[in-house]
Amino acid sequence: MPVVVTDIKRADHAVADSLAEYGVATVHEAQGRTGLMHQRMRPIYRGPAISGTAITCTLPPGDNWMIHVAAEQCREGDILVASPIAEAHSGYFGDLLGTLFKSRGVRGLIIDAGCRDIDDLEAMGFPVWSRSICAHGTVKETIGDVNIPVSCGETVVNPGDIIVADNDGVVVVPRLKAQEVAEKSRARIEREKTVRQRYAAGELGIDINNMRPRLAEKGLAYVTQSDYEKE
Amino acid sequence: MPVVVTDIKRADHAVADSLAEYGVATVHEAQGRTGLMHQRMRPIYRGPAISGTAITCTLPPGDNWMIHVAAEQCREGDILVASPIAEAHSGYFGDLLGTLFKSRGVRGLIIDAGCRDIDDLEAMGFPVWSRSICAHGTVKETIGDVNIPVSCGETVVNPGDIIVADNDGVVVVPRLKAQEVAEKSRARIEREKTVRQRYAAGELGIDINNMRPRLAEKGLAYVTQSDYEKE
Amino acid sequence: MPVVVTDIKRADHAVADSLAEYGVATVHEAQGRTGLMHQRMRPIYRGPAISGTAITCTLPPGDNWMIHVAAEQCREGDILVASPIAEAHSGYFGDLLGTLFKSRGVRGLIIDAGCRDIDDLEAMGFPVWSRSICAHGTVKETIGDVNIPVSCGETVVNPGDIIVADNDGVVVVPRLKAQEVAEKSRARIEREKTVRQRYAAGELGIDINNMRPRLAEKGLAYVTQSDYEKE
Amino acid sequence: MPVVVTDIKRADHAVADSLAEYGVATVHEAQGRTGLMHQRMRPIYRGPAISGTAITCTLPPGDNWMIHVAAEQCREGDILVASPIAEAHSGYFGDLLGTLFKSRGVRGLIIDAGCRDIDDLEAMGFPVWSRSICAHGTVKETIGDVNIPVSCGETVVNPGDIIVADNDGVVVVPRLKAQEVAEKSRARIEREKTVRQRYAAGELGIDINNMRPRLAEKGLAYVTQSDYEKE
Amino acid sequence: MPVVVTDIKRADHAVADSLAEYGVATVHEAQGRTGLMHQRMRPIYRGPAISGTAITCTLPPGDNWMIHVAAEQCREGDILVASPIAEAHSGYFGDLLGTLFKSRGVRGLIIDAGCRDIDDLEAMGFPVWSRSICAHGTVKETIGDVNIPVSCGETVVNPGDIIVADNDGVVVVPRLKAQEVAEKSRARIEREKTVRQRYAAGELGIDINNMRPRLAEKGLAYVTQSDYEKE
Amino acid sequence: MPVVVTDIKRADHAVADSLAEYGVATVHEAQGRTGLMHQRMRPIYRGPAISGTAITCTLPPGDNWMIHVAAEQCREGDILVASPIAEAHSGYFGDLLGTLFKSRGVRGLIIDAGCRDIDDLEAMGFPVWSRSICAHGTVKETIGDVNIPVSCGETVVNPGDIIVADNDGVVVVPRLKAQEVAEKSRARIEREKTVRQRYAAGELGIDINNMRPRLAEKGLAYVTQSDYEKE
C-alpha cells in the first residue's frame, strides 16, 4: 500500500522564500497561532532561519530507507519533513545524506526523530531540526510513504506546504494560505516596530493597550503587603 | 481574589548585586543546599551570571497578561520570576517584552514555561532561564497575581528574595539571609582556592580530607581483579 | 561488600587513542551498532571528540564519594564512567574535581547524572557528557564500587573498555575488540569517502545502492496526486 | 479563519462498529502498521475496546470551548478526537461534558491533553484515552476548528475516519480503507489461532517460521559460555 | 539552620474534613483555579478522596530522615506533604512508615518523589500520591526542615493548609480561605446538578450558555466540506 | 558477531523461587541497595510477585526476532530479560509470544521497551514489566545476542542471575550472591516485624532508633512559629 506521490503541487516559491525573514513566531501568529510544531523540535546548531516547500515521508522505527526514496522527489528550495510512525530516536540522518540533499538544493531537514554527525552537518551548512541527537544507525528493510499528509512535531504537514524554521522552532504554512500569511506577517512586523519603540521609551503594555479598566473589571486588586497578609 | 502587592520589601541591593560573582553552585552551597531550582530551568543562551531581586507573578495556562501587569512593579535591579499555575510551554515572553523589561532596568527573566525570540533576546542582552523554547503565542484573558509567594522551578520564591542565575541554573536566596549567604559564599570561594591548588598539584581528595579510615570503616575493600571474579 | 578493583586490564592505549578520530557514529557502526549510550548523554559544551580507557564507579543517590575514590585508580589516558544506582540529577562533579582529574591526565567524564560548574570546566578544557546540568551539591556518606561492570547511559561498561565521546554522544568499545573495531572504522571511513563524492555529484542513494528493484518488490508504488486521492 | 465543517462523510457504521472486536494491535497490523497513536495516549480506566467514527476538533491551550462546539456535530456512534495546538495538560473534559456526550451517543473521547473527574467518567461508562489526568480547569475564550484534519497522538486523523481504542492504545483507520482493514483484521485473527495453538503445544516460532537458515545466514552463532569468554 | 516549627496553626478541622467530599476538581475551581499540584502527582492506588491539614517537610536527595522527624509533629487529621530539595525518585516511604503514620491518625502522604511497598500500603488503607513508585531505599544522614513553606508538585504549601487528594490529583487550600472555599465548592456542586440534568436530557452547552452569538463574533464559520476544500 | 550462549549457569532454583516472597524492596535492601531497575519498569497489570532465573537478549530498534531465538534457551523457572540497543517503545511482545513462553514454563518478561495485548496477557497470567505499553508491531530483520550481559532498566543483568519483580519494580540478584541475599532478606523481614509492632503501638522512629541526639548534633532546632518568622 505504501506510495510515492510524484507530482505534488508546491506553494509559490517566491512566497516560500520570503517567509524565512519573518521568523517562526511571527508567521505562526500571522496564521492564527496554528501550525507550530512541538517545542521538542530543536535545531542541531544555532543558525539562520530557513523556509521552503515540504517534501514529506514516513519512517518505520529505526529504518531510514524512505529518506533515500524521498531524495529523488526533492528539488531546489524544498525541505524534507520526516515523520516516524512510532516514537524513535535513532540517527536517521547524517553527513552522507546531508551531502546528498544539499547537492539537490534542499534547504534543511525537519525530523521527528534522531539525527547524527551534527558537527559535519554544521560545517557543511545543512540545518536540521530534530527530536533527538543520536548516533544509532538505521536499517533499510521496510518501506513507507513519500508525499502523503504526515504528523510531524504533533502538527499536520501536507506535501507542498511551506516550512519555516529558526531557533524558536518550526511552523507549517498551508500551501494555499502562503500569500495571505506573508502579507499578515509583514503587517505584523510593521506594527511591532512602533510598539518596540514605545516599550524602549519606557511605556508600559498595560498603558499602550489601555488594559487598566479591563483588569479592574476582572477583579484585579492592588494591595499593600500588610493588607495582603491580613487577608 | 487576584492581587498585585505594590510595596514589597526587597533584599539589600548591594548584597543582591554581589551574589552574581559567586555563582549559583557556590551560593546554593553557602545556604545549606537549599533554594536551587529544578535543572529543567536552562538559559536560552550561554551568557554571564546575573543576580537581582525577585518580582513574582503567576500565569494562567497560555496567558501572559500578568507579565504586563508585573512590569509596572519592576524597577532597576529586579528579576522577574514567572510561574504558570499549570504546566505550560507556550512562548509567554519574546523580544517586545524583552525591550519593555530592559528599559525598566530588569536584569532577566526566570520563567517555568516557554520563551520565544531567543535570537533577539540574545542580541539585546536580555537573559532568560526557561523550561522550554517555544514560539506559541499567548492570550490576555485571565488574571493572576503579582508579588505573592510562588513555586517556580519546584522552589518557593518570595517577592524581594534574591535570584542568582548562571549557566548552571537558578538559585533563590531568602531576603533576610542575603548578607549571611554573601559572607559564606565569599568564605567558600576562599577555601576552594587552596583545594584547587592542591588538586592541581596532584593531591587526592581522599588524602586531603583524610577519608581512608572512614572508607575502611564503611567496609570498602581494595581487591584484585582475580579476587573480584572469585567472589 | 563494595569493592575497588585495583589492577584492571586496560585496552591498548594506542588503539584507544586512535578511536577519537573516527567519531562515535562510525565506531558504533563498525562494531555492529552496539555499545551506544542513550541519547540523553550530552556534552556540557561542544568540543572535540575524546577517547580513552574506562575507569568505572557506581554512585549512591546524591553522593559523590566514590568519584574521589575512583580518582586514585585513574591515570593518563583514562575516562571516568560514573553510574548512579538510582536516577539522580544532582551535580556530582564540578570544577574542583575537574582540576583533580585533569591533573591526573584523565580525558573526560561520562556521568549518567548531573554536572555543575560547566563554564569552569569548559574554560579548563575538561569535557563531560552528562544526563543533566544541575548545581545541587552531593554528600560523602555512602560507599559504592570502583572498576566493576556498570550500566551507564543504558549500556554495559566494563573497566578497561574504550570510551569514545563526541557531539553525537558516547560509545563503548569492549577492550578485546578494540583493534578490530579500529580497523573496521578506518575501512568504513574510506568507503564513505567515495559515497560522499558521488552524493555531492548528484547521484542518488537508491541508484548507487541499486534499491529500485527491491523497493518495487516490497510493493512501493509511484502514483500521481490524483491517483492517490482516488485511492 | 476557524471553521466547523458540518457535513463530513463518515466511514460505514457497520464496519466502524465491527473493528472494536479485533482490537488495536490487530487493526494496526492489518493496515500495514500505520495509524497508531503515540503510547502516551492511555485509557483513564481499564475497560472494553471501543470503535466509532471520528469527529475532530482543535484546542487552544487551556481552552475547551471547541469541545462544546464539536458536541453539536456528534451523533450516535461517533468518537471525539481533540487535539491541542500546543502541548497542554489541563483537564479539558470532565463528568459534565461526559454526560453531554454520552447523551448524544458518543462512544468515547481521544484527547491529546488532560482529563478530569475520572471516577465519575468510569462510573458512567464514558471511556477516555488521554495524555494526562489533570484537574486543572479550562476557559472559553478562543476558538478553533471542528472537523478538519488534525494531529492527535502524533498521527493524522481526518473527520469520518474510524477510531479503535482499547487498553493497548488508539489506532486510526482511514475512512475509505475501513472495509479492507476489517477483512484483513478478521483474516489475521484466524491465522493467529493456529499459531497460538502450536505455541501452546510447545512449538517454537523459529521452527514454525523456519527461521534457522536465515539466522545462520545473518551470522548468528551458537556458542558455549567458555567460548564466549575467550572471544 | 534547619528547623522544626512545633506550633503551627492548622485550618479548622471540620472544614478540612468536609472538603474531601467535593473532590479536587471542584475545590480547585472554587478557589479560582489555584493550588492544584502538577499532574505527575498520582495515587499509588485508586481509592476514595481524602482531605486534612498539611504537615510539611523537605527531603535531601535519597534521605528520608525528616519524615521520621515530621511524624512527631503529626496528629489525627493531618496529611504529610514531603518535598525533596532536588529531583529524586527513591522510595522514601514504605509500609513501616505507613504503619507509623497511620497509628498517629495521619490520613495520607503527598510526596514529590518515590514511594514503595504499594501493595502493603493499599492493604492497610494508607493512601499516597507520589511522583514515582520506586523501591530504592533511602539513608538518614542529612537534615532538612519541618513545617516551613515548601514547593510540592510545583505548588506552594504552607503548614496548616488543607490538602484535598483524589484520583484526579492533589489541591492545596490556604488555611485562611478554607471556609470560603468550602462554601463556594458546595454552591458549585449545586449548580452543576442542574447542568448535568440538562446535558443528560440532550441540551448542548452552547445553547445552555448562549454561546452562539459570541462564537460568531469571534469569527467561527460553519461550512460544508466542499466549501472547506475550496478554501 | 552476535551470539547465543547455550550453556549458561543458572542460580540455584530453590533460592530463585524463594526470593519472590520477600519482595523487591526487601531483596534490594538485603544486597546493599544494588541491582534495582529504573522506576520506569512497571507491571502491565498489578499481580503477585515473581522470581526466577534470567535469560537475556538484546533487541535492535523495532525488531523482536531475538525474542524468538531466546525462547529456545528458556526453561521452566526462567524469566526473559529483553534489552533494546536503542530507546524503543514498540510492542515487542504480545499474547502469541506470551503463549509460547508460558508453554515453556517461563514466569514472566522484563522488557525495557514496549509490550502489547495487555488484556490477553493478564487473562493468561503472564506478567510483564515494561517501559511502555504500545501496540506498534515489530519486524524480524536484524539479529542480536542471547545470554550475554545486558543493561536493562539501567542495571547490569547477567544470564543466570535471579530476577525478582513485583508491583514496586524489578531487582536483579547476582547468581553467586543468591543464597546470601535470601538469608539477609529473611533476617530483614524478621527484624521489621518488631519495628512494625512498635510503630503500630504509637512509638516514633526517632525514639526507637535514638535519633534525637544525632539530630541535635547536626543542628536541627525546634522553634515556634513566631521564632521562625523572626529569623
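Worth a mention:
When the chains are written out, they are named A, B, C, D, E and F in that same order, and each has its own residue count from 1.
In the analysis below, a residue touches a chain if its C-beta (ideal position, glycine included) is under 8 Å from a C-beta of that chain, and two chains touch if they have at least 3 such contacts.
These figures come from a predicted structure and were not determined experimentally.
Chains making contact with subunit B as well as with subunit F: A, C, D, E. Checking B-D, A-F or E-F against D-F, more than half of the residue-numbered contact pairs recur only at E-F.
Of all chains, the one whose Cα centroid sits at the greatest distance from that of subunit E is C.
One simple way to say how far apart two chains are is to compare their mean CA positions; for subunit A and subunit E this gives 37 Å.
Centre-to-centre, using mean CA coordinates, subunit B is 26 Å away from subunit E.
Shown for subunit D are the residues that touch two or more other chains, namely 1-2, 33, 36, 39, 60, 85-87, 89, 134, 136, 142, 231.
Touching pairs of chains, sorted by label, consist of A-B, A-C, A-D, A-F, B-C, B-D, B-E, C-E, C-F, D-E, D-F, E-F. Considering their complex, residues 1-2, 31-34, 36, 38-39, 58, 60, 85-87, 112, 149-151, 154-156 of subunit C touch subunit F. Those residues of subunit C lying in contact with subunit B across their complex are 1-9, 65, 68-69, 71-72, 89, 91, 94-97, 99-100, 102-104, 114, 116-119, 132-137, 140, 142-143, 148.
Of all the residues in subunit B, the ones that touch subunit D in their complex are 60-63, 85-90, 134, 136, 138-139, 141-142. Listing the residues of subunit A that touch subunit B in their complex gives 23-25, 28-29, 33, 36, 39, 42, 46, 166-169, 171, 192, 195-196, 199-206, 209, 211, 215, 218-225, 228, 231.
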